[in-house]
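Each of the next two complexes has subunit A plus one other chain: subunit B in the first, subunit C in the second.
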Partner chain A sequence: MKRKLKIYTPFVNAGIQEVATYRVNWIFFMLGNAIACLVSYFIWAAVYSSGTKESMNGFTMPQMIVYIVLMFLTNTIIASDGAYVVGEEIREGSIIMRLIKPVSYNATFLFQELGNKLSTEIAIAVPMIITVEVIRTVLSGVLQFNAFNLLLYILSCALAYLVNFYFNICFGFIAFVIKYLWGANMMKNVVIGFLSGTVIPLSFLPDALEKVFLFLPFASLNYTPVMIYMEKYSGAQLWYYIGLQAFWMLFFFGLSKLLWKASVKRLSVQGG
Partner chain B sequence: MKHIKRALKIHRIFMAQEFKRMMEYKGDFVVGIIGFLLVQLSNLMFLWIVFTQIPNLAGWSIYEVVFIYGLSLIPKGIDHFFFDNLWSIGFFIVRKGDFDKYLTRPINTLFHVLVEKIQIDALGELVMGIALVCVSAPGIEAEWSAFRIIAMIFMIPFVTLIFTGVKTITSSVAFWTKRSGNITFLFYTFSDFARYPATVYNRFVQNVITYIIPFALTSYYPALYIIKGENPLFNLGMPVVAAVVLMGIGIFVWHKGIRAYESAGS
Partner chain C sequence: MIHVENLRKEFKKTVKDPGLKGSLKSLFKPKSEKVVAVDNISFKVAEGEILGFIGPNGAGKSTVIKMLTGILTPTSGSCTINGKNPTQNRKSYVKEIGVVFGQRTQLWWDLPLRETYGVLKEIYEVPEDSYKKRMAFLNEVLELDDFISSPVRTLSLGQRMRADIAASLLHSPKVLFLDEPTIGLDVVVKDNIRKAIEHINEQEKTTVILTTHDLADIEQLSKRMVMIDKGTKVFDGSIAGLKSKYGQIRELYFETDVKNAAEVLGYAEHFSLSSDDLSVEPEGNSVKVRFNSSIVPVSDMLSYTLNKINVSDINVKGADIEEIIRRLYEQGVD
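After this line comes the complex of A and B, so read on.
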């Protein structure tokens, strides 16, 4: 264990340094996402003021604002670049470098990305959680902060990140089929955006569809942590969804190992 | 006249090259087109689900909202199709020093960059935009007249230039800073606001998207005239003025920037 930690700490450091280099990029990217959030805030505000009902599918307008902010935060926390990185390495052949090193292919990515996240996410998570709590308190008049719930949210986010990480590693292998990675990734992001409730809360969908989507791995990404934070899940239901996240994490972990084995056999790299 | 003829000829040659390149990777461009179609489809699903809950959105019927949405995709798609290459200027061409290439050729640099590549992915937006406009138009209670339809078509090249102008200005920043793709990205994101009727936003946002980063002029204001027949002078005139001004600033900043351009080291 100690040896393992020693092997992978340089990757964490590399991740931290990477962020320092691309800080400006990251800030602009976040600003862009924030604008998208602002658009959806205004649309929802118009929707609620155009309708007659105060609550739609279990969401009041203040709750919807909280939902949008939390989705933004959760999306950032669990974001993973694996699909692109793996795809790019397969496409250009640098993946062979991974074969000759005595470290796990997935683990190197994981630690590098964790280093990446350490330095960015804390910077935005704390102020955003405070923002959410201030919004909730101001809009409802009562302090709703619940430390236990926050812990559950963090646990759920950690699981969601791992699901996303291994799913993205698996998706990266698509580079064997599609060479246009940017296009493939865009397609993936759109589909996930819809299936994970980022575009619209899943409770707005027809019942049958909602049930299917809730079971699919994508709800385990953003939707479950956000619902937990908003105290929409409780008791057995809560643990069911956390269990489901753990299940999908193991599923994609296993799948990524299988794909790795299969692709090493298939891999052909030209030139050098 | 001679200049225009020459420009058109050069344009044709570049296009032919691009089509050859695309034929090489047939599968890939289908991925891109489907990708952009899915983006629109996801947004439409959102609208459709939302409209099952409410009779109208801030006074706009679903047909009107979809019409404005579709109308916003057409110029966006055209700009994306023809002038996507500007993104590469801000992201890597200047930084890597590859811009030297354009300086050595006997063609205007901006023109060269604009016509060099086309982006087939954009068909996803363009086709969807045209389809949405056609499908939603019959559902709108407007006094359709030949003039309004001609006005709508007449506006398209101008509002397209609003997109191109914003991209040209923000890309030119790279001549000074080496990289400006992020800035282009940030400004381009404001076009998300253009998808919906401007009245859903508050006064501040409305002013920003009308006068500062004027993407509301690309769809909402022209639609306001087409649907309601309101104030043609502003609703049609302002987008044309904005297009000319933005593109003018773009050309000016671009040529200023070239003077500041320094090639990369090695």
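After this line comes the complex of A and C, so read on.
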């Protein structure tokens, strides 16, 4: 295990170096997210002010604000652009650099992206969590911070990231076979935005639909960590959802291995 | 060591008519076309041998190397290297080989070279003491010292190539694949790289397969070469063998005062030679004649020329390897 980590640390380093190069990209990504976050806020503010009930589907307006901010944070933490990177490497042939080394293709990606994240996300996660706590305290009048809960949230985010990572890798391989990556990627983001509760909390959906969506892998992305942070899950229910995340992670991990085997055979490295 | 049998690779190319209309059409009804890049190639390489691979642009050299290194899966046929099949069990296979693609680097673009080697040491599990020895050795033969602390992206082409070759040798591979390792290098660097390859081959019995467009690489490094053209093998043997098989072309050169010497001599009619076997290039008051000496012996050519006109200077050269290859590339091999 230790040796394994040693093998992959260079990829972490490479990831950290990349961030320096593509900082502007990242800033735009964050800006886009922040705007989406503001839009959500105004929509929900309008919904709540026109409604008569103080709480809708278990969410009060202050809780909705916390939900929106947490969604924003979680989205950033678990973001993965594997689908795009896989496609690019295959297209321009630099995939051979990974192929001729005795390392696992997926793992090199994973560690590279982790390096990427280490250098950006810690910088935003800490202030954001403090912000969330301040909002919660001000809005409810009592300090709600719970260290154990934060740990659970971090665990759940880690699982969510891995689900997202392997899902994206799978998507990248499939897109490689069917070739229309760009359009498919756009569609994917919209669909996931809806299915993962980023647009509307899943509890706002009709019961039957909510049940289905909660089981789908997309809820394991942002929704589960946010619900955990907001202490909407407890006891057995909590562990069920974390277990479900672990299940989807393993599922996509296995699927990515299979798809890799299948697509490496069809690879036609260009250039040279 | 290396067994290649009936290796074949087909690519599917999607063809698209030009323009927007073509794009739309191909979106709904993609047409694809089969390209045979490598067509039933077989050869063997013994342990410790250096094999040179030559052929015109697009012949399929790089495609063969990609199959041998496990990057591409053959459409049919097989290759076995050191008893292993490259596409099965990739990770354990690539540990035993070193690969350099001249046109692209395998080093980390942003890392200083020294760190890159540190990384490779971990990846290939090279023990500390042999790593130290190895680095000292590579430093000596490839002279990496001048740029070892610079990031890879700042290296010049020749420096990068030396760095890449060193990287491919760090783990003492049993087989080394080099796809155009001397592309774009100056004469001194080329020479250094050839010496390094030679040295490693002698010292460690490393089997080497290299492709190149520079025949001097082959002349200096390998006793044997394989020539491919349009995906098929057209020659397999030594350079001397190629010379004796295709090297009947001689070059006659003379100076004369006679105007229109070429017309006066009329070699083609006199010896009934086709344009494949004869070319005449008058230039000022000198004439260059290339002819096939297996049809017209050199002595006949000389005596005919000397009897017909007055010449002031005359000599006959055997064809050099460049000339032979040029003819083979232009006309194909029968």
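The working rule: the second predicted complex is superposed on the first by the 259 of 272 C-alpha atoms of A that agree within 3 Å, B and C clash if a C-alpha of one lies under 4 Å from a C-alpha of the other, contacts with A are read in each partner's own complex, and residues count from 1 in each chain.
To be clear about the criterion, a contact is a pair of C-beta atoms (placed from the backbone, for glycine too) under 8 Å apart; a residue touches a chain by one contact, two chains touch by 3 or more.
Worth saying up front: this structure is predicted, and the values here are computed from it rather than measured.
Student: For A:Phe194, select first, second, both or neither according to whether it touches subunit B, subunit C, the two together, or no partner.
Tutor: first
Student: After lining up the shared chain so the two structures overlap, which partner does A:Ile122 touch, if you call subunit B first and subunit C second: first, second, both or neither?
Tutor: neither
Student: Which partner chains sit in contact with A:Leu205 here, subunit B, subunit C, both or neither? Use first/second/both/neither.
Tutor: Touch partner of A:Leu205: subunit B, not subunit C.
Student: Applying the document's definition of touch, where does A:Leu258 land relative to subunit B and subunit C: first, second, both, or neither?
Tutor: neither
Student: Using the superposition on chain A described above, determine whether A:Met186 touches subunit B (first), subunit C (second), both, or neither.
Tutor: After superposition on chain A, A:Met186 lies in contact with subunit B alone.
Student: Output check: A:Gly32 vs subunit B and subunit C. Expected answer is one of first, second, both, neither. What do you get?
Tutor: first
Student: Looking at the overlay, does A:Met56 come into contact with subunit B only (first), subunit C only (second), both, or neither?
Tutor: A:Met56 sits against subunit B, while subunit C stays out of touch.
Student: So which positions on subunit A get touched by both subunit B and subunit C?
Tutor: none
Student: If we count contacts the way the header does, which residues on subunit C are in touch with subunit A in the complex?
Tutor: Per the stated touch rule, the residues are 11-12, 62, 66, 69-73, 87, 90-92, 94-95, 97, 99, 101, 103-106, 108, 110-111, 115, 118-119, 122-125, 179.
Student: Applying the document's contact rule, which stretches of subunit A touch subunit C when the two form their complex?
Tutor: 3, 6-7, 9-10, 13-14, 17-18, 21, 93-94, 96-97, 99-104, 264-265, 267-269, 271-272
Student: Please output the residues of subunit A touching subunit B within their complex, sorted ascending.
Tutor: 24-25, 28-29, 31-32, 35-36, 38-39, 42-43, 45-47, 49-51, 53, 56-57, 178-180, 182-184, 186-187, 190-191, 193-194, 199-200, 204-205
Student: Enumerate the contact residues on subunit B facing subunit A in the complex.
Tutor: Residue list for subunit B touching subunit A: 25, 27-29, 31-32, 34-36, 38-39, 42-43, 45-46, 49-50, 53-59, 121, 182-183, 185-186, 189-190, 192-193, 195-196, 200-202, 205.
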